[in-house]
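Structure, as structure tokens:
Order of writing sets the chain letters: A, B, C and D. Residues in each chain are counted from 1.
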Amino acid sequence: MIDYRSDNTGRAAPEILEALVRANHDTALGYGADEWTAALQRRFSELFETAVRVFPVATGTAANALSLAALGPSWGIVYCSEAAHINTAEANAAGFFGGGIKLAPVGGEDGRISADRLAEALAGIAPGQLHRGQPSAVSVTQASDLGTVYSLAEVHAIAEVAKARGLRVHMDGARFANALARLGCTPAEASWRAGIDIMSFGATKNGGALCDAIVVFAPELADGLAVQLRRAGQVWSKMRFASAQLIAYVENGLWLEMARASNSVATRIAVGLTALPSARLLAPVEANEIFLELPSAVMDGLEADGFQFYRRSATLARFVCRFDATETEADALLTSLRQHLPPAAAARAAE
Amino acid sequence: MIDYRSDNTGRAAPEILEALVRANHDTALGYGADEWTAALQRRFSELFETAVRVFPVATGTAANALSLAALGPSWGIVYCSEAAHINTAEANAAGFFGGGIKLAPVGGEDGRISADRLAEALAGIAPGQLHRGQPSAVSVTQASDLGTVYSLAEVHAIAEVAKARGLRVHMDGARFANALARLGCTPAEASWRAGIDIMSFGATKNGGALCDAIVVFAPELADGLAVQLRRAGQVWSKMRFASAQLIAYVENGLWLEMARASNSVATRIAVGLTALPSARLLAPVEANEIFLELPSAVMDGLEADGFQFYRRSATLARFVCRFDATETEADALLTSLRQHLPPAAAARAAE
Amino acid sequence: MIDYRSDNTGRAAPEILEALVRANHDTALGYGADEWTAALQRRFSELFETAVRVFPVATGTAANALSLAALGPSWGIVYCSEAAHINTAEANAAGFFGGGIKLAPVGGEDGRISADRLAEALAGIAPGQLHRGQPSAVSVTQASDLGTVYSLAEVHAIAEVAKARGLRVHMDGARFANALARLGCTPAEASWRAGIDIMSFGATKNGGALCDAIVVFAPELADGLAVQLRRAGQVWSKMRFASAQLIAYVENGLWLEMARASNSVATRIAVGLTALPSARLLAPVEANEIFLELPSAVMDGLEADGFQFYRRSATLARFVCRFDATETEADALLTSLRQHLPPAAAARAAE
Amino acid sequence: MIDYRSDNTGRAAPEILEALVRANHDTALGYGADEWTAALQRRFSELFETAVRVFPVATGTAANALSLAALGPSWGIVYCSEAAHINTAEANAAGFFGGGIKLAPVGGEDGRISADRLAEALAGIAPGQLHRGQPSAVSVTQASDLGTVYSLAEVHAIAEVAKARGLRVHMDGARFANALARLGCTPAEASWRAGIDIMSFGATKNGGALCDAIVVFAPELADGLAVQLRRAGQVWSKMRFASAQLIAYVENGLWLEMARASNSVATRIAVGLTALPSARLLAPVEANEIFLELPSAVMDGLEADGFQFYRRSATLARFVCRFDATETEADALLTSLRQHLPPAAAARAAE
């Protein structure tokens, strides 16, 4: 079996678990008042070239929902892509933690929202009108939920529209490392320098084990968030075991190395697909996910050949490359696709 | 330094971290659809001698608040001890996750609530009256927040009063292992057979690392709770790493062995204190916590001697024994206390 | 000025205010334990031909949001029309009172949802899956938010689909009287006999003053809702003044008489529009609202002629007929439209 | 029957209902965009000698809970008297609307909290500690829930302690008129000049009918509150009928006249009680409520004589004087008490 189901079906990087085990000595104050968590603050502040506050949390859902809850009042409207994980896959955690905030989908291409469409949406709600709530924040998913990556200019443009209206900007960085690996820029450029106020910093999908983090760039948000996290049951009493994982995750560029590895395999598959004219990508492959329109019979064939992946619909398959995916596996997938896909001429004729 | 600050300042049992590391192979479906989590269900069902649903969660606060939220409507009143962790130390997580449920303190001795006082409190609110909300649940902390342990008869009596009014019963078992070690009964006897519907099953304070669990005895509560946990950001996508810890925690009686060890050191200190007539315990030492009334100057002396502990007030110190606390450390504490405590005669005179 | 802006810009029926004033004698127990509120229960139970519980509330938003909160868990998904008032105009009150419930738009024609589209939406969420929450209720707006009216068969069909999946059914009856007047059936047929569990019973838009009501058909919902309403600040201590209004509203068929009057004027306008080939209705006129596609210049002309209405967009105008709207006003509007609308030929050419 | 049960069992002042009826002409924009609501803003700004924002709401519970929710984050602690209505009689509406805020009782005399006890409570929670939440607001009930009235100096002192810690101050003015009548000061002196940021402005208990109000002194709170109120179902679409009531309530000093009347009858009873040595008041009678410790048999006797009142416990009776209570009724109560109360000597002997 070759598993392309998700990047969260995979193992953790051994370096991360080793760091967790290494932290198991002596006693340390609970709830983050330990030396590992202090080191985490320093390490991420260096990484992001500014003083940040880092809060380890158990899951990306917690990171997203608690970040959004921190960005505005409970009657706020948070704009995001229709395809955003916060909108489709987190059981309305944002609405819950935010005390009733409402997610409002904004259009755009390939899983991204566009600054223009955001501006239109905001123009539709006059300041002071009461009936629909008031805009409070924007959330961008980087890399996006369709496997594309916002350019820095796109993030800048969205943030500019948002801030002109007094809105805060959140980045769902569940696959931030994959985006960074694609963009080739610094973490600072991809986040606060582009206008991000708070980020869900993913690790789990990219070789992590049991924690992600919230990284706060707007310092006035941090103290309140700290209490909110405590109340949300997201502050481990033995926090050192989480902080140690996150330090190991970024140490010596491990995170980017893993992201480059998974991106690279995804790209190899995408390049291979160009030789298969009947294969249609839903969106460009810019990170580690591939959304491929496939006849149902082709999906059956792939499964019969031992490939695991998600059927997003009767004609849409998602393949995700993990940090430990291999080129051999990629080539095997392409071979199988080649066998099952109809020739291009037949595909055209079928339309 | 000898650390008596808390049982969450300590290390994790190596067996637990080893199990976590051992789970790091192959791929596995996310969000609990993996073989470790399936094994956890079986293992705990054996342990509790009934079919239970077990949900690993990041923290005891999450376990408590989400359990209580599952037990009744958002306008419910949840009865608990004034000293209960849910009432004093979880930033009103129960009120938050429960959508506004209110905690109502009930009296009793030594950190426990009493069935009679509960009955009185319930009698004070007529069914159908609207102004104060309606009773929905009771929470007992076992071992209690003052280091005492409810007898099985006491738990039975509380559950009986509760159920006569249609209330559900929650057990905050952050130190359930310590209570079991004291009671010498089975997990089943101490929980569902005594009337418990849902339990916060603690591991962190007793040698765990990054997870506790909710154990559901009333099956009709489980499906809804599963969605609620997903929404609460408490369902790890790589759940295997949590489930593996919890399996290791109870494997071969590790949990009870650790609890007996910490209880035993606490008892050794308590016994030693009987020879110090001026030492006053706030409550009997029945688990791994010692609440000792001490003059402030004595606390200063202990700290100067290298002991760490919490000052609960100017005259109350708390000492907690971890699973890896030693008899040597206990004897050192007694020696230091002996030096700093005034002779009994002087203590009496000072009153 | 002739006001077509909304049915809530209008006066109240004098009979309703007179009843309120008549209730101002003697003392009466507070919070609904008075004789007027008891009479209200009896009167509505007769009206609906079954024992109902009636709770007066201040606004339709309160009626809707608290009804929906009563129908399912806080992680529930509530299906409704994209155009539903609960989705577009109540500042996400349902999400707030429901503790994070999510509204999911369902397609259909002319502001109604269709049973088939509902069935498709439900089929997209497997029982037990966690990531999107779980379906809990359906809300139908009767008359709909585009001025159309569900047939009894349509409501039946929706309720059948809902109940096959265990979902409850809510009716937003802000304009229930207008729908009844159109359908010519009994209140029972249009509500619980068609599968409705709970209804927001509107009065304000149809000649009421300061209260609407929740009518509960599923008796097991009522006791909890009563506490929830108290907590929501929706239980007047001098409830008699609200109950007296609601009794007067239905006494001697006043409510239906008013609804027939406003429907009739709207129909007169709609009929008149058929003689204006360039006038396009967004949806059939079946109650008291008219959604008319108009060039912006025509809207300017109408305003210059003294007509007030809402511009829903640059090319969509809404006209609402109040219970005291007159035929003369209707004819005046038609005359003005006739003057400003381009001839049909010109309209066709402009396409 | 002579009714001393509550000030909400009574009639409304005819002037208020007449104003409501007078507002029933012409059309007016909904949701507060009408001329009556505009006049209300002006009228109350004159009354309070500063620019205030006034929001009519259906009930005092809504006024209190939504005010408190506006004063701080959802993890905030709100300090109030143990006896406060928000703590004992509103079904935890504050916890609900506040998203989980916790009420923390503060001690003091006769239903009031004291500045010193508040300072002690605040000193017990260090800024930045997470486990208990963080202080966010103080609520004082004026007149208090035991029928006493804070002096201006007392309110000032509490506000000073609060503001030194960054806390906001709310006044539950359900009986504000009664307090003002007692204090003989201006509304401004009793509110914002004494440090109040937001007030629940009661009318219902003092001759009102269907609305109270929130008066906002801290202007930065108003815009958000407006949206929150809309979402809370507390913004009537035909707001004019509420605003007209509130204008009439204060017009020509009606509110103070009614409060003086009810206070005066209560005082008459209290003075009469001084001649009955065995009658014990729970607290001084400073407004319109009398809390009287009475043997159960005496309460039986009063009821047999036709008096209605609430039994707060087996030995505590509450008598409330409405604005239309009469001296004759007061004298009748004293006569009945005189008959049923044991002579002073017997009372002393019984102790």
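Of note:
Definition applied: a residue touches a chain if its C-beta (ideal position, glycine included) is under 8 Å from a C-beta of that chain, and two chains touch if they have at least 3 such contacts.
Here the structure is a predicted model, which means the values were calculated and not measured.
Counting C-beta pairs in contact, the pair that comes out ahead of the other among C-D and A-C is C-D. One of B-C, A-C or A-D repeats the interface of B-D: more than half of the contact pairs, counted by residue number, are shared by A-C. Chain geometry summary: the mean Cα position of chain A and that of chain D are 51 Å apart. Taking the mean of the C-alpha atoms as each chain's centre, chain C and chain D sit 35 Å apart. Computed from the mean C-alpha positions, the centre of chain A lies at a distance of 41 Å from the centre of chain C. Residue positions of chain D with contacts to 2 or more other chains are 31, 74-75, 90-93, 96-97, 99-100, 130-131, 133, 227, 230-231, 235.
Across the interface of their complex, chain C is touched by residues 74-75, 88-93, 95-97, 99-102, 130-133 of chain A.
Residues of chain A that touch chain B in their complex: 3, 5-6, 8-12, 14, 17, 20-21, 24-30, 57-63, 65-66, 90-93, 96-97, 204-205, 208-211, 227, 230-238, 241-242, 308, 322. The touching residues of chain A, when paired with chain D in their complex, are 31, 73-75, 99-100, 128, 130-131, 133-134, 223-224, 226-231, 235.
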